Amino acid sequence: MRNLAAVLFIGGLGFFLFVLFFRLPLGAPPLVAGAAILEEGGETVGAANLVTAVLLAYRGMDTLGELSILFAAATAVGLVLGRRQLVVSDPEGGFILRAGSDLLFPLLLVVGLYVILHGHLTPGGGFQGGVILAAAFFVPVLARPRRGLDHGLLSFVEGLAGAAFIGIGLWALFARDAFLEPLLGKGVLGHLFSAGTLPLLSMAVGLKVGAELAGLMTSLMEAEGRES
Amino acid sequence: MALDFVSILYIGALGLLLLGTFGLVTTTHLFRLILALALAEAGVNLLLILSGYRGGAQPPILGFGPQDMPMVDPIPQALVLTAIVIGVGVQALAVAAAVRIYRRYGTLDLVALKAHLEGDLARKQGIAPPKSAEKPAGERPLSPVPPRPQEP
Amino acid sequence: MLPLILPVVLPLLAAFLVMPLARMSALIARALGPIVLTTSLVLLLPCCLDPPAQPLVLAIGNFAPPLGIVFYGDRLALLFANAVALFFLLFWDWRGGNPQQARQDALMLLLAASATGLALSGDLFNLYVFYELAAVASFGLVSLSGTGPALVATVRYLLVSAFGSVLALAGIALLYLQTGTLNLAQLGIDPEPLQGPAGLLAFGLMVIGFGVKAELFPLNYWVPEVYASAPARISALLAGLISKLAVLILLRLLVLVYGDTAAPQILLFLGILTIFFGEFSAWRAQDFPRMIAFSSIGQLGLVFIAFSLSGSWGVLAGIAVALHHLLVKSALFGLAHRWSGSLQALTGSAQRTPLAAALFVLFALSLIGVPPLPGFWTKILVLAGLAQEGSALAFTGLGAILLVTAVEAHYLFRFALQLYEKVENAPAGFRSFWEFLPSLLLGAALLAVTLRINPVADRLRAITQQAADRSFYITQVFPQAAAHRKDQP
Amino acid sequence: MHWTHLLLELILMPLMAFFIGMGMVLTLRKIGAKLQRRIGPPFFQPLYDILKLHAKETQSSHGLIHEIGIVMAIGGYVAAETLLPVPGMNGIAQQGGLITLAYMTMIPSLGLALGVGQCANPNGSIGISRALTAMLAYDVPFILVVFGTAYAAQSTNLVEIIAAQQSDGIASWGLVQNPLLALAGLLALQGMLGKQPFEIYVAPAEIATGPMVEMGGKFLGGLFIMQCFQLYTAGVLYTSLFLGGGENWLTFLVKIFAVVSIPMAIAYLFPRFRTEDLVRFFWKWPTFLALLGLAFVLH
Amino acid sequence: MNALDLLFLLSGATLLCALLFGRTRWAAPLLLLGYAAQFVALLQTNALFGEPISLSWSLVVLDQPMHWRYDALSWFFALITLGAGFLSTGYGSGVWMRDYERAGHSAGVLHTALAANVFSMVLLVGAEDFLSLFLGWELLNWATFFLMALRGGIAARAALRYLGYAFTGGMAILGAMALLYAQAGSLEFQPIRESLPQMSDGQLWVLLALLGSGFGIKMGLLPFHLWQAPAYAETPGPGSAFFSAVSARMGLYAMLVFFVGMVGLARLVQMEIPYTFLNGRDLLAWIAVFTIIFPTYTALQQQDARYLLAWHGIGQGGYMVLGVLVGTAEGSAGGLLHIFNHAITQVALLMAVFAVLYRTGTTDLNRLGGLVARMPLTFLTLLFGIISLAGLPPMAGFVSKLLVYRALLFEGMPLLFVGAIIGTLGTILSVYKLIHNIFLGQLRLEHESVQEAPLSMLIPMLSLSLLIFLAGYFPGPTLSWVAAVQAQLGLPVVNYHLGGVYDAHGGFNMIWIVSVLLAGFGIGALVFFGLGGPSKRVHQLDNYAGGHFLYAENRYQYSDHFYAGLMHLIGPWYRGSFQWLERALGSIVDFLAHFTNGFYGIAQPLLWSLAAVLGIAVWVF
């Protein structure tokens, strides 16, 4: 009965959605704010990757909010899962896992940092790189569950990275009277050291995301392993 | 209108959304619900990114392709990035809670969990467990004054 | 410009820092939150008491709209931002002592920041982000106790909230697809295309999405169980403050884009259902938190009904009802801190804590709208507006409000009489009056408003004048657009 | 009207009523005797009865209210008689009216009820309970009758009602104009006087169960006086409403004696009704008749 | 500052006094002084025969002005209010209050509640726009609730029931106000009065239903009458007396203001009910008649004196409405006069009953009896009261009822007339039961040493008895008030003189009637005491029946099922019909609550959210 109703509802909704959507200019949406950004983004922000420009400059507030959400999620997970003494029952991984993880760790670290630092130039950026960083730190934990990660350190890193993001914003606030306005020289479009404070912000984002995701995954894994 | 590339993408996005929604409204298993949620979220993210898609345009990276080619709208891309991370955070939290709940109650079925919830709450608040006496909190409304001294 | 940005950013900064700091000095970490919130209050209070003639408009990062995000601080937004700082200070966990104190404080600060952001932001997606932040932070806070019921309630809350977010995001995508912008003012410049079915559907999706926090039927099933299992402080903030801020988003959309469409009718319809379900359920509630939780649902239905009224009347009525409920319901949840058990167990509480019982009676009277308390004036605004509206649905709403208010009066005073019953071994309830100090302060505020109803009404009218004026908003954000429009006719 | 004249009327009217009432008591007893093939009492028997009762030596009083009840019973009727116009004397009929009169006649009943209640005899109380219930029963048709006649005359003033009936001989009598009302009124009269089949509340046959149970000596004597007044009032009232009142004393006396004789004559044809049946009866037939009659009056 | 300002100030000051000094020893004198001062201020306003007087202050809230103004109607109601407040306070000030406090109740709270009632009524009757009317109305409702509930227990439950009714009524009024505001653009009386003729019959019917039920609930009009008797009966003595005098009449006041003063009876008559012979006025009149009959016969069933009187209080309200609705000079005069006459009657009766309660500890009609020799003055008060309540000459109640009967008669309304009479007959039956079961019959052994009521209670009782008698003997003064009120309301004005009224259909003169009656009593006394020999007084406990001695320890009082025969007959006609209605409504609320609660019990209700989305999609499409 419930499924039947659901099917009917979904069908009805799907019908309306399809009918409505296909009246819209699909594939040729109006380009209002986007057009302006495409127009002047390169000059104003100095980032070749306009997505990153949007992310960190034009809509830096969203990114800050998003960082906060991730932070909130991590904090809440910490709250939910509690902070009791961990009893990880998972056995140590086999040789292949351990060796693989040892090999992967530096590789992932480098790739992650690269993606973060080149966020304003090429596809990628703080988030993407941060996720890779998180993976880099999480893989060894998978291999050696008992060792775990130092949550204190993680929280320290994530706190500081977040504070750095805001700090850069506040710096702009006091220097230019506008929160999160890109500072420093724009540099040459396409160069590594360009786009002002964007790489710094990217770095902060990357570190924060990395620390938080790593912390999240480790917490979940620890929770999984704990016997009560 | 023939089914062009964009339309197929849209159909996919809406389909994902509807599929996820179907899962959300039909299942009562917590973990499946989380998965369905992820599915719906994926659909919406696709929808969002499609809202900036323009046929035949290139990525919004300066110096990436030919100069005069139109570029897609960069804003939705940024938005989607944000939305994905938000989704990750929420799902992580959901999973964490599910883990705790499973440990506490030994089930992930929402029907059972709701029963546990009501029962535990009733015990905590010191009220009659739900669906027992079917009695409202106080008197019936507008009830006649009960022990009247006069004859009925 | 500082009052616009710092109340959002500083709590975030503090939230990031509070856990590392807690490792160094618990004292500093504890003090951080109140300090930051007080700073916000100090920054905001002048703007609220002596509001600038023109709204404060702040383009974040100096990116002119619609490129960047705009913070728009008119009287209404500033008032709510102020209320956020004030209420978070009021319901701050001053006692502490929780082993997870730092995390809890961090979440509280995040919630405060997001709430301020919700009040101030003028960008749709940014609002969505803050809304999500508020949601995630509140998930953490409501499961604070870590008990089974709290967790299950949280998960149910989380599921519906996430579902709502998905829908809201779909609505935003739909909007963006049609307009190519996310700036509220720019959406309002030319609302014509959005007033078709697709635009309305986008609005509908956002109503459902943001309606989760706003306790809109049928997305409010999480309300009773969450408020019953969460700490009362958190319930007070969620029911009082956060719900209103979610409504605020819809208000902005209504004023700027959807004022002349069928959108208000949707709100009216859902509002009627909400008020009906809320109040009737409350009638059967058996414990204090759930009773006022259901009552809160009902009151938010009233808010929705009020905002559905056309023109500035609706905005005025809505703001009045929302502010009144903010005051009263927060205060009632402040009482729920100790009165958390069943209604039966509270019989005779007035003997030991007469002040708290008197406060309850005061709030109950105002809630059901007994003159001359403020609740009456807000209610009569809504009713007169509905009668002027004249449509069948409006009259249905009128009847529904009257009916459920009678029901509300009955269950509230059924309990009030129980409080005053004479029993042996009266329950202790509050240990000292410090425990319901927030409620006491809010009760005093309520009485003050009663006495100074006309100045308050004038202030509200000034707020409404700004908030209900579509072109005013647009002109403030896009001076050039207004000039452009002036040329046109 | 000179005040001495009025005073004279006010004194004369009750006095006459008393004597005519005694005559009526005698008539009734005579009729009863004739129907039962007895000789019946001598002419002065009613007066003897009253004097005898007052002269009794054992007169146990149950308290002041017991005595005041009798005073009220007599006094109420004395006052009521002044509201009933008789040929040549209007008394204060102009100052009161039909409704006032109807209510005035309840004062004696109330007095009697108070007196009986004071006696603390359960049987007496039962009698009062029955009497009051009976009143509830017969007053409904009675009040409809009052309404009809007063509405037809557009006045509650008995003087005017009588004058209207005398304007055109028998044809203008209430009896002719509103026969249904007259019939209903007759039935109500039967109940009002407590005659068979409605005599359960008086319970004349069972001394121990009825209002009179504690009444002896001058208490009973007072009630006897009251009965005289009661008969007189009923007869005159009915005459005034339906039989055109008294053109002169002769026709007046004939009419009122005829009126009170009818119930007596009917009485012996019927057994007794229970209280409930009595109520049921009065709320059914006389009320129906009165309503029907009223419909004629109103249209 | 004019006299009305002074009145309001004094009323507020009295309330404040009660609040501050209610617990102290000087509370009673202080409050009596306060009420007396208000009374003087009321007389000073001269609103009855002079010009209406406005309050110097007015409020403007949310652009809505709030005025207060006293005219003849306000004056009349305020007079009753203040009189009742004064007498009830006096009654409850002495030993009664000492006893009340000894029982663990608070004198201060009682005084405060009473003063709050008086204050809100003073405010209410001065209302000159719907906002101030509603303000006064709600204040009164809550003050009433407060006074009802303060004894706790049964009283609190009765009060809650009252609240359920009263608040629903308040909401109906609020709804009507919203409609009126939408129509007239204002809540002041004058614009509304002007816009009413433009309204359609449909709109007026809605207003009639909303305001009629709103005000009717306060009055206890059928079918909203169930709350009143228990609530009034369970209130502590002075409060009960006060309520029954005037509280319910505030509903009548509001009805007079709106239906008579604004809509006008002529308009009501024009509002035909389709497919019937009835119009708006007839409908209300029939409601009034059933309000007379049903509560009166419910009163007949009661086994508790307080309940019995409270039920009669509801029934008597019907006469007032009925009289006013007839609309002729006599009818409306009777209706209005009955407000006053009933007030004094009912207060006297309740005071007598509460005096019995004070002395014997019960008002159960099956546990009393034979008290006449123990409490003769209380008996006298009760006797005067019941004669007036039953509407028999020579007391006050007779005058007002007679006026109503006459009006019905000459307007040709036989069925309403019979209904009113049936109510009166029922009243006679029931008040006899009241006085019989308390004061007559068997004296119970435990009451052998009962004393007369204390002086502080006797004084108000006896003065009221005197008033009842005088208002019946010389109805001229009260009729002059009523005539002024009629002129104020735009009704035809009654021709009155000191002894009664006269008009085209004749009239009546109470001075003659009462004088003759008194003379008749004199003659009766002369005959009774003069003719026979001395009677021998039998002791109250020395009784026999059917030749058997009745022992005082045995209970032989005939009190249970006093009118068994009648009840046997009419009981099934109306028993519980309204209780049923009330329970049905309660069950509907219960059911709805159950239904809505069900939604919050669903384990996974996202389907509902989906349905909402779908609904919106359909809507916008």
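The letters A, B, C, D and E name the chains in turn, as written, and every chain counts its residues from 1.
We adopt the following convention: a residue touches a chain if its C-beta (ideal position, glycine included) is under 8 Å from a C-beta of that chain, and two chains touch if they have at least 3 such contacts.
Keep in mind that this is a model prediction, so the values were computed, not measured.
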item: Distance in touch steps, counted as few as possible, from chain A out to chain E; value: 1
item: Other chains in touch with both chain D and chain E; value: none
item: Most distant chain from chain A by Cα centroid; value: D
item: Centre-to-centre distance between chain C and chain A (centres being mean Cα positions), rounded to whole Å; value: 30
item: Centroid distance [mean C-alpha coordinates] between chain B and chain A, Å; value: 21
item: Whole-Å gap separating chain B and chain E, where each centre is the average of the chain's CA atoms; value: 59
item: Mean-CA-position distance for chain D and chain B (Å); value: 88
item: Residue numbers of chain A (touch at least two other chains); value: 2, 6, 9-10, 13, 16-17, 20-21, 26, 29, 31, 33-35, 37, 58-59, 62, 65-66, 69, 72-73, 76, 80
item: Set of chain E residues in contact with two or more other chains; value: 157, 160, 164, 589-590, 593-594, 602, 606-607, 609-611, 613, 617, 621
item: Touching two or more other chains - residue numbers and ranges from chain C; value: 125, 129, 132, 136, 139-140, 143, 146, 151, 154, 159, 163, 174, 176-177, 180, 182, 197, 201, 225, 283-284, 407, 410, 414
item: Pairwise chain contacts under the document criterion; value: A-B, A-C, A-E, B-C, B-E, C-E, D-E
item: List of chain E residues in touch with chain A within their complex; value: 607, 610-611, 613-614, 617-618, 621
item: Partner chain E, residues of chain A touching it in the complex; value: 2, 5-6, 9-10, 12-13, 16-17, 19-20
item: Of chain E, residues touching chain B in the complex; value: 154, 157-158, 160-161, 164-165, 226-227, 230, 234, 301-304, 307, 364, 579, 582-583, 585-587, 589-590, 593-594, 601-604, 606-607, 609-610
item: Residue ranges of chain A touching chain B (in the complex, touch as defined); value: 2-3, 6-7, 9-10, 13-14, 17-18, 21-22, 26-29, 31, 33-35, 37-38, 41-42, 48-51, 53-55, 58-59, 62-63, 65-66, 69-70, 72-74, 76-77, 80-81, 122-123, 125, 127, 189-190, 209, 213, 216, 219-220, 223-224, 228
item: Interface residues, chain B side, partner chain E - complex; value: 21, 24-28, 33, 110-111, 113-115, 118, 130-131, 134, 136, 139-151
